[in-house]
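The structures considered in this document are given below.
Two complexes follow with subunit A in common, the first pairing it with subunit B and the second with subunit C.
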Partner chain A sequence: MSGGHAHGGHLPRDSPVHRLPPECKLLAAVAFLLVVVSTPRGWWPAYAGYAVLLAAVAGLARVPVGTVLRRTVVEVPFVLFAVAIPFVARGPRIEVLGLSVSRPGLESAGTILAKATLGVLTSILLVATTEQRALLAGLERLRLPPRLVQIAAFMLRYAEVIAAELRRMRIARESRCFRARSVRAWRPLAHAAGALFVRCYERGERVHLAMLSRGYTGTMPAGPGAAAAPRSWAAVAVLPAAAGLVLAAVGTVLR
Partner chain B sequence: MHVPDGFIDGPVSLGAGVVAAAAIGVALRGSRRELGDEKVAPLAGLVAAFVFAVQMLNFPVAAGTSGHLLGGVLAAVLVGPWTGVLCVAVVLLVQLFFADGGLTAYGVNVTCMAVATALVGWLVFRLALVVLPRRPGSVVPAAFLAALVSVPAAALAFTGIYALGGTADIPLGTLAAAMVGVHVLIGIGEAVITALVVSSVLAVRPDLVHGARGLVAARREAALRSAVTA
Partner chain C sequence: MTAPALEVSGLAYAYPDGSPALRGVDLRIERGERVALLGPNGAGKTTLVLHLNGILSGGPGEVRVGGRTVGRDSLREVRRLVGIVFQDPDDQLFLPTVAEDVAFGPANLGLRGPALDARVRWALERVGMADAAGRAPHHLSFGQRRRVAVATVLAMEPEVLVLDEPSSNLDPAARRELADILTGLDVTVLMVTHDLPYALQLCPRSVVLSGGRLVADGPTGRLLADTGLLAAHRLELPYGFDPRNLPVSAPVVGDGT
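What follows is the complex of A and B.
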């Protein structure tokens, strides 16, 4: 999994995509990905079409292609897993580079990789064009439980603080000549994790008291804010609709 | 590792989303009981930040490789099972903002990594406490067993979801064996680290270990009784 990127992936710009309300972008991304996920196995032209759509969104949002591609490294552990599929899947075997692999397995692995990559690209674009706080407000406007959104907001607000706490503890350890080399380092590292928990919990109690002293009663005073305009919904509907058209077009050609 | 988009088909992804939504709803209510109503947001938020941060702490294994804690059982033992489910679900939600895990696979990820891990782990934890002697120290071996079982349990939950909506034709026996095999190894690491962290918190702030609540109180009462009779 990915560590050490608590800053998020937002790229501040002034583009039509950046200006769209977050809840519209969230729903559009999910709808687009549901079309992607429902595309049958091995419809390669459709996947290419979806990639073109995402490239168009990236162009419209003025997000550099290099940045997007560099961020797809989060997918790497999964690629290793997908590569194993052709070797263990059922079905007729074929020879590829002198190795015996399952033909449908190879097709599935390719399909899964293509869809997973499209998913990662969509998420990267969503995050690059939307601030994290705006995403949370969007989730609240999409009727997620306000309490859940509050927890996520607190987590995001303090993630950097806690990560910095962890960093200071590491510097303290290392300045006492500690090097984490083998399993024997687990006990001191676990003590650090335990100390971190106590500090986090106590910080939570202090934050709670500070909130009470400012009149907190269990709900945030700000509320979810105004609903998005119908025009915005129409604008974001273009992406899933275009994906649906690609799916239908490829379907009629392949059948 | 997070399940990406396209690995589980659409209907089963949506079904897992419904399961996850129901579980989060129940966890929100349960967490209110565990932490106290208006304390939930700041405390669960900070514990979620802890889980998020502790996953960045690398534990060296061998030959330059290292692993990190998943933290589901650790959170359940330290702050209670429902808050544990909630914290891991929130961590998974925020990780979506880092493109970690598929948007459409969020339900699958919550079902496997938050619900299966924390709830199976908590069940094992409570069962172990029934068998072990009634003193605060028993929390440590119980947490060990819970973490040990929880990781293969998540792998099995994933295999079950895959059996319903997997998109590659892999023999289920092979998948289950490979998943459980790998995750038993991961589970051993998770168990050792979870037990070490729980024991270190128990040493300094036993009152903060939710799983030891009754036991710490019982010990205090016993000490008080013996002091009064002496």
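What follows is the complex of A and C.
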């Protein structure tokens, strides 16, 4: 089985970053990203500074750089979109490698790429240092509506069941000599998607039944655990605060 | 004379589209009995099971669990007394770890802290899965998941354990392990199954549900030897299996009448 994927990208380690309460890490990541997205277009030194901060976090968490970089491939479709911008945007044009591209377009694309990459890196680090269920518990302690947290928990639990079901359906299709090679293949694929939806819906009903049979009344019995210590909040505040300092410093230099 | 563990009288039920599923079922199961509920697909077995803890209701007739009538006010108590182990363990196990899942039922009953932990450990020990407490359900084998599913229900200390197709998809070793666990439990068992040898092995008494009615009730060995009865209700023994050839039949607890 896909044991590596089963933990959703979590890298078990014993590091100061791993030990922090999940809700602190979640809020720190959000605050850090708020600083990142509010950085004006084209402030390249600031982006570099943020990247250094993230590298420091990765070092502290003992997360291998190679692993982090490999996981950034999720960003690829987005990169393709950003690459198109300089060619379609208006404004004064400049020559790059013999191609005429829009200068503000190039700047926008670079900014989007930098911010998106920082966002992806932050998420990868958060996930690598926090177990999935700890993240859910953290969300609950941050007073996210319990119903939403429950839905997220179910998604995590059943994603693999559904993936396995999808895999079995694909193997069954291919065992009957089906190959998705032309538009005509869309019809059976659409039917398969519909069948999977119905099966998931029915499974949802059966899970609910099984929960009712064990006395479920709409709320999960285990309430939120202990609140995080002020020390932990102070520790995680370092990241967004440092990012804010980078932003301020770059701002005074560029102005 | 104590009340029977389970008493169903005149129970009828029709699906929302009007087609009848149960047409007047009477069944009485004494405390400590192990009874197999046999019947072809579509006989109404699952519908009957879902009435036992009040998931389905609204038709004529009555279900009493340990003397308590199943109704709106008794749902909580009845769902503690009647534990249902569903056929697909993936439907039953929905929390990230085995221990959390086993704790779900008793926590719904209000158990907390060390008492809850002790109950979880106790239930997992009963099914030989204490070592798996911290593991994720989807990393267990199918047979292990089935045993954990039994533990999730045992943790509520039910008086009646209802199992829907407990032997389905199990390999012979897992099947035997589950049989050992079930025979070692001190609860009333109602086992829905198509697996007639398993019924004979575990349940001294069987009832046959067909077309929404109970058509037979008696010692399992006698019912399975009745070829006419089996043929009339689409029940079939595995090839080469003859219950009359078994040297020792399972001990008979109730007289089955």
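Remarks
Convention: the second predicted complex is superposed on the first by the 248 of 255 C-alpha atoms of A that agree within 3 Å, B and C clash if a C-alpha of one lies under 4 Å from a C-alpha of the other, contacts with A are read in each partner's own complex, and residues count from 1 in each chain.
Simple rule for what comes next: contacts are C-beta pairs under 8 Å (C-beta built on N, C-alpha and C of every residue); 3 or more make two chains touch, one makes a residue touch a chain.
Here the structure is a predicted model, which is why all the values come from computation and not from measurement.
By the touch criterion defined above, A:133 lies against subunit C but remains apart from subunit B after alignment on the C-alpha atoms of chain A.
By the document's definition of touching, of the two partners only subunit B reaches A:29; subunit C does not.
In the superposed pair of complexes, A:163 makes contact with subunit B only, with no contact to subunit C.
In the superposed model, A:153 lies in contact with both subunit B and subunit C. Among subunit B and subunit C, the chain that touches a larger number of residues in subunit A is B. Using the contact criterion defined above for the overlaid structures, shared-chain residue A:214 touches subunit C, although it does not reach subunit B.
In the superposition on chain A, A:44 makes contact with neither subunit B nor subunit C. On subunit A, the surface patch touched by subunit B in one complex and by subunit C in the other comprises residues 1, 3, 6, 132, 153-154, 156-158, 161, 203, 207, 211-212, 216-217. Within the complex formed with subunit B, the subunit A residues making contact are 1-6, 8-9, 29-30, 33-34, 36-38, 41, 71-72, 74-75, 77-78, 81, 85, 88-91, 102, 104-105, 108-109, 111-112, 114-116, 118-120, 122-124, 126-127, 132, 135, 145, 147-148, 150-159, 161-163, 165-166, 180-183, 185-187, 189-198, 200-201, 203-205, 207-208, 211-212, 216-218. The part of subunit C that touches subunit A in the complex is made up of residues 50, 53, 55, 76, 79-80, 83-84, 86, 88, 90-92, 94-97, 100, 103-105, 107-109, 136-139, 152-153, 156. Those residues of subunit A lying in contact with subunit C across their complex are 1, 3, 6, 132-133, 153-154, 156-158, 160-161, 203, 206-207, 209-217, 220-222.
Listing the residues of subunit B that touch subunit A in their complex gives 1-2, 4-7, 9-10, 13, 24-25, 28, 37-50, 52-62, 66, 68-69, 78-79, 86-87, 89-91, 93-100, 102-105, 167-171, 174-175, 178, 192-193, 196-201, 204-205, 208.
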